[in-house]
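The same chain A turns up in both complexes below, where it pairs with chain B and then with chain C.
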Partner chain A sequence: MSRVIGIDLGTTNSCVSVVENGQATVIPNSGGYKTTPSMFGISQDGKRLVGHLAKRQAITNARNTVFAAKRLIGRRFDDPEVQKSIDLCPYEIVRGPNEDPRIKIGGKTFTCPEISGIILREMKRVAEEYLSETVQEAVITVPAYFNDTQRQCTKDAGKIAGLEVLRIINEPTAAALSYGMNRKGDEKIAVYDLGGGTFDISILEMSDGVIEVLATSGNTFLGGEDFDRRIVQHLVEWFEETEGMDLRGDTMALQRLKDASEKAKCDLSMRDAVEINLPFIASDSEGPRHLNYELTREKLESLVYDVVEGTLKSVEQCCVDAGVQAQDIDQVVLVGGQTRMPLVQSRVTEYFGKRPHKGVNPDEVVGLGAAVQAAALLDNDNDMLLLDVTPLSLGIGTYGGHFARLIERNTTVPVSKGHIFTTTRDDQSAVKIRVLQGESDLAAENDLLGEFVLSGIRPAPKGEPEIEVSFDIDANGIVSVSARDLATGKEQSITVSSTGTLSDTEIDEIIQEHDLYEVQLKD
Partner chain B sequence: MAESNEQKVSGLLQQGLELYGTGDVARAFLIWNEVLEIDPGNEEALDYMRDADRRAKPRGDAHRMGQSSLIEEARRLLRAENEEAALELLSSAPEGGSLEGEAMIELLRATLFQRYRDELGDLRQVPRMVGEAAELQGRNLPPSAGFLLSMVDGSTPLADLVSVSGMDRFEALRSICRMHRAGILEWDGA
Partner chain C sequence: MVETRDPKEQVLALAAGRDATQLDLSAAEGYLLSRIDGTTPWRLLREIGGIPAAEVDACLARWIEDGILDVVGTGAARAKRETPSAEGERSEREASSTKRPQAAESAAVDAAESFSPPPIDESALDAKLELSLDVQRRILEFEASLSRPYHALLGIEQGAPPKAVKRAYFKLSKEFHPDRYFRKNIGSYGVRLDRIFKKVLEAHEILSDPELCKVENSTPPPSAPPPSAPAMDAASAGPAEDRPGAAGPKKARPLTKLERLQQRMPFKINHAAIADRRARAEEIFRAAQSSQQAGRLQEAEASIRIAISFDPGRTEFKEALGSLRIAATGARASKLLAAPSERMSDGELREALTLLEDVLPYRPHDPGLNERAAQVCFRLGKLDAALEYAETLLERNPEQAAAHTLVGRIYKDRGDAEKALRAFERALKYDENDLDARRALASLRIGAHDAARGGVS
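Right after this comes the complex of A and B.
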């Protein structure tokens, strides 16, 4: 039996893990790194680049390097988050035929599941190289607030990568799992997740092995990269002051400054000061110029203090939403590489009045949890009981623009609920059903998952036909709908075709194209 | 630096100075550039070049050769099989050079491109830096070389280095070749 891997498909970095001899282990890539940048790019000579290589051209070839595609996946083009990305990202985001955002680089347009699929394929390759066997199944993590479309698109991405996604689990749930928190009694857990590009805070409640997300908050445009940017900005200003040269328009210099700033930031989590040496950063008629600067932890903290404080405002909001006070929290879990920073740790400790959990690397904790879940799915004797809850209410749009909830938020998944519909006109042969997800009483303010027309209803006076429509949410949080005419017993298969998801044909075409490309690469 | 190289450098420095004395500034620069190829960071050559540059500036482009003598000189360099110097000379011409000059540049780039490819060998080779980056600061490298060096991590093959540099492929290969010749970069089998 082949092994199932756990993948933390992050906005900035991804991580793949597996359980070996009962122990969850992170799999390093060929460069020895335990995380891989979630980046895809096309070089100026047309080569497709994934991970670290793509990251290296992120500034010098910014228009052809995609990062943070996770912010776009499963959203509509008009979504404010997508519009903000269009304003901030150097690569081109265009409106797709399904009203979804698509990414245009190197003269080709990619769907968001396709970009995520490329990252997942790379993670699959890393795992296969390490395990020396083919990997076909995976558990993938997603943010707790992801709706059905975003989850479905992530599953599609897995399919594009050649993976059967056995389960999609919430990132904070995976983090709690990697600490074995599911084996403890009832408690409230705060998961503070400061990654490269996003900040998420989740308050979970553990009860009888069911992990309920009480509230989530955060900022999808705040993360470790903001810290890097502050350092780069400081170095550019310092160089201008001391050497009289402005590096802002020099992409090669900026790429080097970004790489060096990220490294210095990481090193400063363990040291009080680091040397940043960038020889030949610029030149003029006097010859080459070098940048040699000592960055201290104290200076770094002064540069980013307000960013860290900003995360605590979200924490406060999350506690309010969850109806808890900081002192009610039993355990605090740190997730994301940026939480290694001593300033972040001390401010979180001060806020909750208790030390966060230590022992698992914060940038590996979600991936490890996914691997734990993967192993549990294979092991029938495993006594682990883990149940997620649906993050958003599910329902349909009704007359007058209202939203009728059929499955309430925080219902333990999997769940199935039926509802009887009838006709409103005599001899009505079809009804249109709009499936929505969200918490607003107004249909327009919720996410439209899809709409379908149930046809072939037998001719009858209005109100007489009884059509049972069943709404199912599986363990991945993915919604499916089926309908049955109770009088005739005739069942109709209905697919909720959401705007952002891809059809099976589209997925197959993408897989074929990427398979061809794989051959091309090996040549 | 090996003794034979020291003698060569000394000879070239003198030759460049003589050319400069006769007013042939362009060729003097070529010779001093040759010195830097052998001994990057050579202070004497850099001093001569800075000084010549400073003196030339008030005269604008007066020190530049005329288009026809430029091509003539490039042909001479080609006969001496010094394609790199010929290309540098032609590339130094002001904007709007002659068609013949542009054609020669294209031809030289194609020839040299193949030469650099042959010199580098298998682009799957992984380059390493000889010594520490900080030790290089006395040398005279352009920022593009510094950028390439910053991506040398002991695991990235030459092909990927060229791809992700975002540089013109020819320029990237030339820069790598020069750093290899100067003993800054090495790789197995090189």
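Right after this comes the complex of A and C.
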């Protein structure tokens, strides 16, 4: 049997791992790097470049190099996040036929699952080279806030890469799995994941190889980019004060400030002060102006202190949801590059009253966890069990446009739950069951997964008939819903199949095209 | 054990209404009868010293025939398909229950009546599966006894501490979670595991919630409903609902259903957690407001964002964030947004647009903002965007002449004279004093006239 790999498909970098001899290992690519940039480009002479090769030519070939496609996958073209990317990204994003965003580079239009598929195919190749055997199956991680469509699109991407995706698991869960492997005792673990654009906190309980997610919360408005923005803002204000010039309207200057801020932020994790030097940042009638500023760690910390405090408020809420106290947490696992910041580490240490776990690399821990889950599923010697949860609440639309939750988010699967509903009109003979997914109390704000009608209800005054609606999620996350009239025993049901933005035929066409291309490359 | 066909597992008891003292018995028979207590199986009765096994058999058979004894406990159904393997099976079950002493104990305390080792469907055993026969038996047995009270199911004492509940839940998960048999050829056991795990999950959910636990403990154990009564039980024959009805004249049927619903706690909402979350959101929001009043706008903004993530349903939070962002950009923004766009430089226009785009998602229908955005986009030559904003504005204020004039200008710049003409006409319809529209219309008409004349000559 061929081996199964775990892939952390990241926004900026991806990482592939495998479990060998009971140890999870990160697989380095041929350049010796443990992570590969999630970038894809088409060079001037039409060559397709992935990973480090794509990154290397990104500056000179910006219009034909795709990065951060994960921000777009599974979203609609009109989604604010997509619109934001259109403004920020040098490559062209166009409206696809299914209202999905598509990426146009090198004269060709690619779907987002296709781009992610190309990255995954590269990761697959890295693994195959290392293992000297073909790899056909993988476990892939996604952010905890990913909805059904985004997850399905990630699965499609795997298919395009020639991988069967055994499971899609949440990044924080994967981090916990990686930590929990080969550990026996009872522990409560907090995974603090501060990435580029989002913050996630998960609390998990582990005992003798079984891992259960107790609670997850987070803030999709808060992340490393907020840190950068604070620095930019400060620099702009400072420049206005000292030079009397306002850089706010100058896109070019802002982009340079942003890059410099990000770099300064990273450097300040190791040093106490850095110099930000941006010559010719602007010019006026008196000639060119330069920006030269020394940013100290102290200053940076004062700029972002409340952002870090904000993450701790989410942590507190997560503890409440999980029914634990901060001091009950036995281990804190840090994920995401932003957690390298000393302020973050010290505040987290103070909050939990213990130092974060040192043994894991925040860039690799998620990929390792994916490999651990793959081994847990298929390896008879592996004794781990993840009690995985459903990421979003499920329920039905009810009278008045409300959303009745039958399965709360973070419920362990497989699970079935039911509830009795009734009619809203006298002699109503049929009810429409609209299956919804989401966190809003308003039906309209949640995603419609499917709908069906239960008819033949015996005439009765409103409120009298009893209709039992049951939800069932199996271990693979497949949802089926049934409705039954308790008086007549009549039943209707559907299995909700999640759909990505691509049809099966489209995926097949893409696979064929890439296979052709693969042959061309080797010639 | 030679006579394997005999129903030696039957448990016997004195039939109701029979008085042992009224029977004409020998001393040995009297002694034998005194040993019949409703729990000792026939097999053990034969081993009583002093009476030959054959005599015991004969005596018991006669008493059953005479109606002195009744068969209770495991019953005749089991006896009928007693096979050579049953002996081994039972001893294994005994072994497994000694492994879980609390289970046996609590079962004995709480459910002595309802819990006797359940019969299993031997025909379901299949040696071809990737699942040892021992494991198959364990699964079948566990499945057959799913109707036990939750604590018995988890093998713990009633009122056991949360830690014990969790440990038992994890242990059973490791045994019965479908992922443990991922991709294995396990035939019908896949469905069985699914059913078992869901029940274990339910037991854990209820026993680890003090409130639900109270409900569970106060309601008497359901009088052995069919295993996993929920409708989702696809494998069970016929609608579960029919069974209690068909089972006989049970007056308490509606109550049973209520109980069943309570037991299943299908629609559990953690009101406390939600309320707490909302209260926290509210609290953080109030803190944000006081930060805002104190002029600490960044802090206020961060807090509101947190409030939103705690209680995403509250539109007022989002609105507040929108107005805060307007406020945060301060005097500069109001200057930019108030100055006539005609007099603004390109840089200022672009900045104004960035500001507007920042704010509009929070107030997508604000007429003032949309009007402003339309004008700024128009000045920047972003005609499509301008048109979109203008149209949003018109959706709200369909009679605003200035907006129609703006639409007309946009169309004119796009080279669509006809649509421009109609827009200007509409503007004049709502406000005949709109000079801009009047002038534009006149110039368009003259242009058209000229073009027509030019075409003729």
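Keep this in mind: the second predicted complex is superposed on the first by the 265 of 523 C-alpha atoms of A that agree within 3 Å, B and C clash if a C-alpha of one lies under 4 Å from a C-alpha of the other, contacts with A are read in each partner's own complex, and residues count from 1 in each chain.
Here is the rule we go by: a residue touches a chain if its C-beta (ideal position, glycine included) is under 8 Å from a C-beta of that chain, and two chains touch if they have at least 3 such contacts.
Not measured: the values here are computed from a predicted model.
In the superposed model, A:Ser416 lies in contact with chain C only, and not with chain B. In the superposed model, A:Thr60 lies in contact with chain B only, and not with chain C.
Contacts of A:Ser261 after superposition on the shared chain: neither chain B nor chain C is touched.
Of the two partner chains placed by superposition, only chain B is touched by A:Asp45; chain C is not. Judged by the touch definition given at the top, the superposed model places A:Gln152 against neither chain B nor chain C. In the superposition on chain A, no contact is made by A:Ser178 with either chain B or chain C. Judged by the touch definition given at the top, the superposed model places A:Ser207 against chain C, while chain B stays out of reach. When the two complexes are overlaid on their common chain A, residue A:Phe280 makes contact with chain B while staying clear of chain C.
Of the two partner chains, chain C is the only one that A:Asp321 touches; chain B does not reach it. Judged by the document's definition of touching, chain A residues 250-251 lie at the interface with chain B and also at the interface with chain C. Remark: chain B residues 46, 50, 53, 133-134, 136-137, 139-147, 149-151, 153, 155-156, 160, 162-166, 169 touch chain A in the complex. Residue ranges on chain A touching chain C, taken from their complex, read 80, 166, 205, 207-210, 212, 217-222, 230, 248-251, 306-307, 310, 313-314, 317, 320-321, 376-378, 383, 385-387, 404-406, 408, 412, 414-420, 439-442, 468, 470, 472, 474-475, 482, 484, 486, 489, 491.
Residues 30-32, 43-45, 47, 49, 53-54, 56-57, 60-61, 250-253, 255-256, 259, 277-283, 285-288, 290 of chain A touch chain B in their complex. If you check the complex, the residues on chain C that touch chain A are 166-167, 170, 173-174, 177-180, 182-183, 194, 197-198, 201, 230-232, 239, 241-242, 261, 264, 266-270, 273, 276-277, 280, 284, 298-299, 302-303, 305-306, 308-310, 312-313, 332, 347-348, 350-351, 354, 361.
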